[in-house]
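These notes open a run of structures that come right after.
Below are two complexes that have subunit A in common, paired first with subunit B and then with subunit C.
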Partner chain A sequence: MAKENNSMQRHMGMRAANAISNTLIYILLIVISVIWLIPFVFILLQSLRVESTWQVGYVVPRQWGFDNYVRLLSTNFPKWYLNTLIMALVTAVLQTVIVLCMSYTLSRFRFKMRKPLMQFMLILGMFPGMLTMIILYRVLKDLGMTQANAVPGLILVYVASSGMGYYVSKGFFDTIPKSLDEAARVDGATRAQVLYKIILPLAKPIVIYTILTAFMGPWGDFVFARYISMGTAAGMNVAVGLNNWLNLDQIGNNYTMFCAGGVVVAIPVTILFMCLQRYYVEGVTGGAVKG
Partner chain B sequence: MASVKLTNVKKIYDNKVVAVHDFNLDIKDKEFVVFVGPSGCGKSTTLRMVAGLEEISEGTVEIDGEVVNDLQPKDRNIAMVFQNYALYPHMTVYDNIAFSLRLQKMPEDVIYNKVTNAAEILGITEYLMRKPRALSGGQRQRVAIGRAMVRDSKVFLMDEPLSNLDAKLRNQMRAEIILLRQKLDTTFIYVTHDQTEAMTLGDRIVIMKDGYIMQVGTPTEVFEKPENLFVAEFIGAPKMNILRTNLMKAGDKYYVMPFGAKIEVDGEKGKLLREKKIEGGEVLLGVRPEHIVLAKEAGEHAIPVTLEVNEMMGSELHLHVFTEDGTRLIVRVPTIDLDNEQRENLVNGAKLFITFEGKVMHFFDPETEKNLIY
Partner chain C sequence: MKHYSDLEYLKLSKWQRFGYRVASFFAGIPKAIWNFIKRIGLLLKTIALVVANEAKDIWSTFVQGDWKTKVSYLVMGFGCLARGQILRGLLFLLFELVFIGYMVVTGVYWLRMLPSLGIQGPMKEYNAIYDTYVTTYHDNSFKILLYGVLTLFFIIAFLYTWRANVKQNKLAEQILRAGKKLKSGKDDLRSLVDDQFHKTLLALPMTGIIVFTVLPIVFMILVAFTNYDGAHDGYNNNLFTWVGWKNFNTMLNWSSGNKTYSATFGEVLTWTLIWAFFATFSNYFLGMLVAMMINKKGIRLKKLWRTVLVMTIAIPQFISLLYVSKMFAKNGLINLFLLDHGLIQQGHELPFWENPTWARITVILINIWIGIPYLMLIATGILMNIPADLYESAKIDGASGWQQYTKITLPYMLFITGPYLLTSFTSNMNNFNVIFLLTGGGPTNAALSTAAGNVGHTDLLITWLFKITTGEEAQYYLASVVGIMVFVVIAVISLVVYNFLPSIKNEEDFQ
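Our next item is the complex of A and B:
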């Protein structure tokens, strides 16, 4: 009896300890979330401030309105936004195709230079991309793809090295049993059909991941975009364009508009993540082969 | 429905490992051929070369008279069942089976008929809308077979299709494959490491070892007339007992002298020895466990042995015994032949006498391990 009581007490004690540690963890997580959200809320509130366009010492606007958003339309912002959107979409499509083909090839085919190629790309990837900036500018300038024509030039820059981003998806493809490929090929599928009828549906989370990263790269790029557009407003993306509004001579007039631009920039990315995140969750390979 | 012909087929991997040496085989239309051998003997590799999943290093593979060396698997008109089923996990059973038909751009109503027909034969109709992960191992294997069935292909390849199933299910599926074969009436190549499957399924068996063909023959041939020691030991369970002994020729008669006993090689085997003009000398004598009987007492024909392990298998006992020089033998004794007293005497350490007749003996050359009379 006493023994039973003892174990009962111990059981209760463990439950209490669990509850306390859970509470502490949740408090910590909430604090972190709040800290993380403050800048976003801050920007949103600033963008809705109507009474002044410069930086002020308070957070909540005294007069609310969409004036800043309307004002955006009369600036270069729509042009920048369009530039960015085109670059991001085209890059997302091309880079996804290249990365997935590359990964499939490296995962499924065995050819002579496969290992050396992978090692070469690994080493190449250790150098920061910025190192290529000067020579890239020369090349693009000769091709007439700088300043006002920066959009195609930048797409070229973003897409060119995308084959090197194969690691994650190749790793995922490696986990899909090869016998599925073989079964499909015996069933009459070409290599391409194997890829898009068997491998890609099974690798959905990785395909989504690849699309997202391919989209996000150009969407948030600053360094290359600034360098290749060289101060010509027509060739800028949003990051470069908006950044100009923070120059000392412009910040007084454009600060709240800058915030509004920031919010508008965040919208498509937020939507994209919300739509695609559910694919992150589920693995789909169950039941393929014995196990 | 087609013949398959392999001529001097070789497989050499990049690292210079030779997986298959000079494989020659003619498979007739509608024949069921089983490749059997221990793991790493090249049987799967050979099958995969027929399927087109593995490059053929040398030699030619012909299907229906056409050399297919350079054809992609999809152009060879073959169907294949894999050991691990290889079902497409994101598709329902119906879509899995219909996959190849859709690639052929068949009309959906034809596909529907074919799939439901195959499902009915295999007894998986009620699972057609399920995903593979919701099926048991046996059901998955049926789906895999169904997927191969609907293709009406020239050759049906099976790569260890039953190895992943438990023993009971394996026996059941084996019987179903025999039935399936009668229904499909096409050419089968079946790979297994299990000699029971090979014996029960094959019209002809190809026994392989280290990339070489050891023997090709009907189940009866390979069982009764093994060409070499490897085949003799590989086919049959428990495996054949091998005794190193002397074959003595005395006039017209042959005797073997294992462990002090003297047994005449009479009947057919004696005749064959005479015909082959075998001189006698040291041989490897092979006797199957079921051909050894317990002798009542010591005598000229009896070999004294000590019982080590007595395995009760139900209908029979497997007696593991060893002779005076430590050679281990297995004796299969039907339980029904023994009365209670005899059974009680079969305890570990018991001294027994065993014997066998001339007609059950196999003789192998100790050097080449070749059968002396076949």
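Our next item is the complex of A and C:
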């Protein structure tokens, strides 16, 4: 290319190269999209399969029907679903309040313990959270909040330590100019009024982001839910319950039902997520850049 | 080693620079350790000074204070009450009463038991009513340890409050001497939503963190020095007790001569680091690549491509992970499909989860599938922020696409996402869900002893920890040791990277 004298010719060459690379990229993007969507299409198709309940070597059902979904109703699945939904809703509210309190304070106030506090929580975060499970289980058991009554216990576990996850929303609050607070303070507003009347309306994106992530947490939690419910079906969430259906002794009967359950779980969460996608993207992007 | 000045450094070739940086990093280690020791010494000195100052202040306040102040040393809040600050005085007094009450009723017992963790375990005793031997329960090691720690926390809180009470008196005297008015209870309440608002806001989150994170972690660190396990649960069968550094010795084998655990630990740690490295960087570079492809000028339907990937984030991970795990299983979709079409023979299924190497590679590949959407989002946001004129001028200078990537895009990305890479590395080390839901840690590593919890080839430290806390013979004390090791590894990596980062930053900063 360097030897070409005619700039017109060179321009044409570049355009051709560009067209080739674009075509390649389109092909790649299509392949990627297919790979990323395949498991979900497969789950959906297999949940509609009637002729067998175990794993088979084909995807498109030979006999279609909603049998698996109907069968779900006669299992513990509705109970698990309700448990998870309750946990998700309560956690979404409480966790949002706590995370916002924490991040707003650390972003806006300058007090003596601020830096040590943040360093302390950074170090605390290096311990695997799972380590706390053993003691939390025994304490919650003494309080009667395990096994069948795991729901309140799990909510407590999810919410109590959520203040540690303040990083993303603190990054957001840092971007709201401080001059706004000061102007309001000069006008005689208390700190609390500044928060309610000025900051919160501006912080809508991060509030929605926090609610969304808090809501999605309980749907995917496996470790704590399994430990706190300790094998009692009435206290499980969907993740633990559905996982049991894939155990060696159950998979033959329940494989397609697992797929159906997965679809029922995924649909509401996905719809909610897609509606609020914009806020999620903002949160994730901002969080990574600010560390 | 030879130390280069800035000018000499700039004259070096790329590889020489890199070699120089690595060499100076290692040459700097002794100095860094020395600095660390010095810093600890300094910290101790500061602490000693602070304590001395506090003691002096407490003494001088007592000597110079009036009788109200002096009484406050015994009856907390007395000074406040006597000077008309009813609300503060009552709170101080109430706290003192609660503290004394707690200590008398139970606190003393927990503290007394803490050094032994219980004296009398469950035993058979003759019961005259039933005319038989029944088991009676006595001390509870678990509760002793838990409430012992809690009582220690409480004592610290009391000392802190007592000190605040003394300070209050000194301050009040100063204010009164200056002829000013003291704050009333109403003022105090108002300050909680105004200049002390941060305390109000932090009260709830910090209580949660202290009770549900700090306390359990302190407790579990202490458990590492006991023999708490399934057979010594501290109440129902046997008490547990302090064993010193024995568990660390078992795990790291510095003098026990028993390799059961140290061999397992070495294997698992190695794989954890390999896994974290590949999981982090494969996602990072491939995610960046996908983002760049979507961002490229002239590519249409950008929104569609992004939405397809983002949608996979929405679906709860356990569904996709469990499904994919079964898809690759020995009698899963893929193998059955290949069997049906005669592409493989019965008994020769592809060993995705049975062969150690296959399992490890499959796990990493599936993790790419999980991770790329996130990285794509992050990279898209950052790539859009790179000033377009940088590329324009690079093009005019005749830079190829690859050169633009290595000279502009990559340095910019690395510069911005350096800290993110570190957190992503450490969270991958603790990536429980992906490993546990895909393989459950398997296939089992036959070379290792089953006593250490049936460790498999894809087990991370975190899934190992989970295994030894839930099995038939739970070994909580070893789980604690593993947890502490995870902490140590992550802390060391973080320290090293943070010390290394500035040099990278300066090097690749934009001029």
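Keep in mind that, in the parts below, the second predicted complex is superposed on the first by the 258 of 291 C-alpha atoms of A that agree within 3 Å, B and C clash if a C-alpha of one lies under 4 Å from a C-alpha of the other, contacts with A are read in each partner's own complex, and residues count from 1 in each chain.
Rule of thumb we're sticking to: contacts are C-beta pairs under 8 Å (C-beta built on N, C-alpha and C of every residue); 3 or more make two chains touch, one makes a residue touch a chain.
As the structure is a computational prediction, the values presented were derived from the model and not from experiment.
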| item | value |
| --- | --- |
| Which of subunit B and subunit C A:V186 touches, first, second, both or neither | first |
| Partner chain in contact with A:F173 - subunit B first, subunit C second, else both or neither | neither |
| Subunit B versus subunit C as contact partner of A:P201, first or second or both or neither | first |
| Touch count on subunit A, higher of subunit B and subunit C | C |
| Which superposed partner A:N18 touches (first subunit B, second subunit C, both, neither) | second |
| Partner chain(s) touched by A:Y209 [first = subunit B, second = subunit C, both, neither] | neither |
| Touched partner set for A:F224, first subunit B, second subunit C, both or neither | neither |
| Shared subunit A contacts, counted only where both subunit B and subunit C touch the same residue | 190, 193, 284-286, 288-289 |
| Touch list for subunit A against partner subunit B, complex | 177, 179-180, 182-190, 193, 197-198, 201-202, 284-290 |
| Touch list for subunit C against partner subunit A, complex | 142, 146, 190, 193-195, 197-198, 200-202, 204-206, 208-209, 211-217, 219-220, 223, 290, 293-294, 296, 298-299, 305, 307-320, 322-327, 329, 331-333, 335-341, 369, 373-374, 377-378, 380-382, 416-417, 419-420, 423, 426, 430, 432-433, 436-437, 461-462, 465-466, 469-470, 476, 479-480, 483, 486-487, 490-491, 494 |
| Residues of subunit A defined as touching subunit C within the complex | 18, 22, 25-26, 28-29, 32-33, 35-37, 39-40, 42-43, 55-59, 97-99, 101-102, 104-105, 109, 111, 121, 123-124, 126-136, 138-139, 156-157, 159-164, 190-193, 195, 216, 219-220, 222-223, 227, 238-239, 242-243, 246, 251, 255, 258-259, 262, 265-266, 269-270, 272-274, 277, 280-281, 284-286, 288-289, 291 |
| Residue ranges of subunit B touching subunit A (in the complex, touch as defined) | 51-53, 72-74, 78-80, 82-90, 99-100, 103-104, 131-135, 137, 140, 147, 151, 157, 164 |
